[in-house]
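Shared chain: subunit A. Partners: subunit B in the first complex, subunit C in the second.
What follows is the complex of A and B.
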């Protein structure tokens, strides 16, 4: 790339003929065209405790530091390296933190406000300028202390980067547990919801028959999924808090690949009906009436909604190998979207609607790639052999996907620019089909 | 005569400025000024951790005053189409880069620097 080396000599500001030539402001002009990709050093000091009862069950500062580290943008300082541990702004000595090359300082206190009730009071400082950037109070209880700490991390992250944090969001996924399920000696399928870091997993559904394709309602309160508990595919909608569920599709043939519409009223899904050939439909959840969108003799499946709800992207093998197509969600003309490569499948649309995450065949390996809708370019993000099921975090910065480790499926994340890859190690079992939740309601 | 004296002073001022300009142009020709600018540029670029908002299309001017020795005394963001996180990253880059490198030829030292942050990718 051409770099513009702007070395402009000083320009004379004095104008001939003017007798009142002021002081000349000489100036060197310098163009900065590049930066570095490096994690910004941050110190999250252990929070103080103000209360008479039992101290909180978890370490809020440790949770916040781990969240910031996981973003890849921040490098938290080890606690044993902290020369000071201020818990109030009056105790902050910026000079000392500057010497330790810390750019951002987070301090805080857990203040007891009642039995099992707390306030996380915290401040964020720009050490280089010696200024407070943020002061905040996040209520917490014994039961939701971890979640409240993730929320605090979200608020800090948004202040520092300008991007909404995703640490308090959740992930849903399927695990297959062989020989140790609820029914002894039998394989067990589980639909699990966990925090975005994989901690705090909760089994929402367990079945001796396969569970597949979890998809979040846009308000984050429900999941739709496919269950084979009746020895054939059926689609259920389940409320996460109450556990109550509703069977929404059990038509003859395949009922698969549900995807929730952005307005929450419809599911897009793949049905085979009597003729056995998969086509994409939408289903009004309350009226339970399917509307057919594709009629080709090809396999049309894996629908995904655009964020404005106008379009449905899907996979079709109409031309041989699987490629991505789109159709207006109320029906209409079908358009092919991807042309590059022999295999592009399972689209998911980025929150800004500008990109598709797809599974792409990259020289014999199945990898997660981003397809840019405006430029029709494809960028491979991952380097596994069998990476599958990409799902965007609601801020669009990160994707979660399933990859293989030996014979086991594990979860991993990759930043949308491909720079930061991480394993979610807290998740056990043979894992597949992760789905990232929307931003959670407060 | 008062006016004549002022005119003479202005003439001297102008002559000084022209001499200054000639000297800088000479320095420019010899590459010494360019080398100085490159040193500063590289040091600031090494210290600029680009936030997500720093994309091509961003353009931010920053006026920096350094004191002899290269210590940054003031940073002022001027015309800038970046968000708060971008502005803070730019200010941090300059502050982290302080003290700025000094020129081999001390006469090339310049108190006032105008940076333009304009990422290419």
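What follows is the complex of A and C.
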């Protein structure tokens, strides 16, 4: 009964979010602030149309070109500069593209295969060699046309770089919109899920009380997060498609920092119980029994699982300032991991398990740094004053994090080698606590 | 509820301003504009003197009613902390004693201690700091005779700043525990 009552308002909010998606659309605007010195010139020619009905409303080639540009590695040619617009390989004149200094050419066609059903047929060419690198057919529907176009970009990117693309992934984040007056103004917290390019934002939860710490289930279908809607911290798990949710922890004291185990069965979390001191626990989601992993009088929080599920990294101030420690996920000996610097907090483990992204105090500035677990070295990636909440893209190539633009909270991405940087700001309010989704199932 | 808390925060700023002499606004635009709208402006808070304005001395020589209990002025219901610290500074002993006297005298009275942190560092760690601060104040009140059933704690970390801004002044006003009377 409790549970059903709790679910109802969220479903109403979800509806409200859809209704108000027009005017309050928290569209994110992405700007590349630093790219690689020599982005590879690529031409993505507008796709042809083969069908009897009306073509789909979206422009697949434009979506693919924008994705490649956002990677920072490719520089797509402006359409008005294209001297030819081939849609089949027979029409391609490599000499002409060479004169225009294009290295990579992408052409394609949208082929109608049924009512509201299509194939995106596309080919990728190495212009210098005059060779086809890839031919592919990606099914699409009217409803998932945008997602399918991102998938096409993923496939092209993987062919060109050897790295799995992340254009069809999503990001979850929190937005905070404060009213105009300090007294009269109402603050609104929203948990939003958008495509990785910031399009298609959907408000999952809206509350006048803080929302925090969104984290993805390994299958990409659910989010766990902290809500203060009951004027205290509680952890919820919410299904993204249906909007239904379950309150999984509302124990006395703090319920915070949820992190999903790689097998999806457990959450690691921070609980204070009665004594007011945070410790790291795991919680079997269906059995609801918490297992305590730390017992120190220090603040132990922000757990993160290693990809194999064996270890949990966490923040602890057991020696004064916050540092990273680790403990076996089934309990055991606690080991300190970071020693360099006065402040290392909120670890996130890279998909290959070899590095931790942390919030690191760099001469008085809070910045995102990568800690190499084998070599115990730390590399600062960002240059802000108050950078926080790093989250790895599922291919490990890029991190998204929260930073400031003036007094506003905005998101930014940085490549793991520190070379490519982007700024992502919302149209209104602050954006914070980004969480990159896992790869979505095909 | 929320608006009361916001009002309280603005009052804190106003009171500090009143005690600190000429105002020097260093808040960001939105906060400065908002503060101006309420007739106050941010001011130099440079040491641990906040929360010990003139009314504290005045009420100490008087009945003591304004120091503790639900009638306490807003500045006597906020305890401030140093960066990354959760020890209660001795200057707050008088305020906390007045609150525990009220709780002892009124066994059915109940307070909520709301712990907060400044915006620096990671958010969940700051939840831990806010909780530690609330617990530190709770422990002082328990030592002074209040009972544990009279006190609940909640930590908002950096999620509910009293003052918007990214400078020492704003940070020092946000590292706090607010004493809220009620269920």
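The rule we apply is simple: the second predicted complex is superposed on the first by the 395 of 442 C-alpha atoms of A that agree within 3 Å, B and C clash if a C-alpha of one lies under 4 Å from a C-alpha of the other, contacts with A are read in each partner's own complex, and residues count from 1 in each chain.
Please note the rule applied: a residue touches a chain if its C-beta (ideal position, glycine included) is under 8 Å from a C-beta of that chain, and two chains touch if they have at least 3 such contacts.
Just so it is clear, the structure is predicted and the values come from calculations on it, not from any experiment.
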Touching partner for A:126 - first (subunit B), second (subunit C), both, neither: first
Contacts of A:160 with subunit B and subunit C, given as first, second, both or neither: first
Which superposed partner A:389 touches (first subunit B, second subunit C, both, neither): second
Touching partner for A:359 - first (subunit B), second (subunit C), both, neither: second
More subunit A residues in contact - subunit B or subunit C: C
Which of subunit B and subunit C A:203 touches, first, second, both or neither: neither
Subunit B versus subunit C as contact partner of A:250, first or second or both or neither: neither
Contacts of A:321 with subunit B and subunit C, given as first, second, both or neither: second
Touched partner set for A:37, first subunit B, second subunit C, both or neither: first
Touched partner set for A:28, first subunit B, second subunit C, both or neither: first
Residues of subunit A at both interfaces, subunit B in one complex, subunit C in the other: none
Footprint of subunit C on subunit A - complex, ascending: 178, 180-187, 208-210, 212-213, 228, 231-233, 253-254, 256-257, 270, 272, 275-278, 299-302, 315, 317, 321-322, 343, 345-346, 359, 361, 366, 385-386, 388-389, 404, 406-407, 433
Of all residues in subunit C, those that touch subunit A in their complex: 1-3, 6-7, 9-10, 28-31, 34-35, 37-38, 84, 119-125, 127-129, 131-132, 134-135, 138, 153-157, 159-160, 164-166
Contact set on subunit B toward subunit A in their complex: 6-7, 10, 13-14, 17-18, 20-21, 24-25, 28, 33-34, 36-38, 40-41, 44-54, 83-86, 88-89, 91-93, 95-96, 110-121
Interfacial residue positions of subunit A with respect to subunit B in the complex: 1, 3, 5-7, 9-10, 12, 14, 16, 19-21, 24-38, 40, 103, 126, 128-129, 133, 160-163, 397
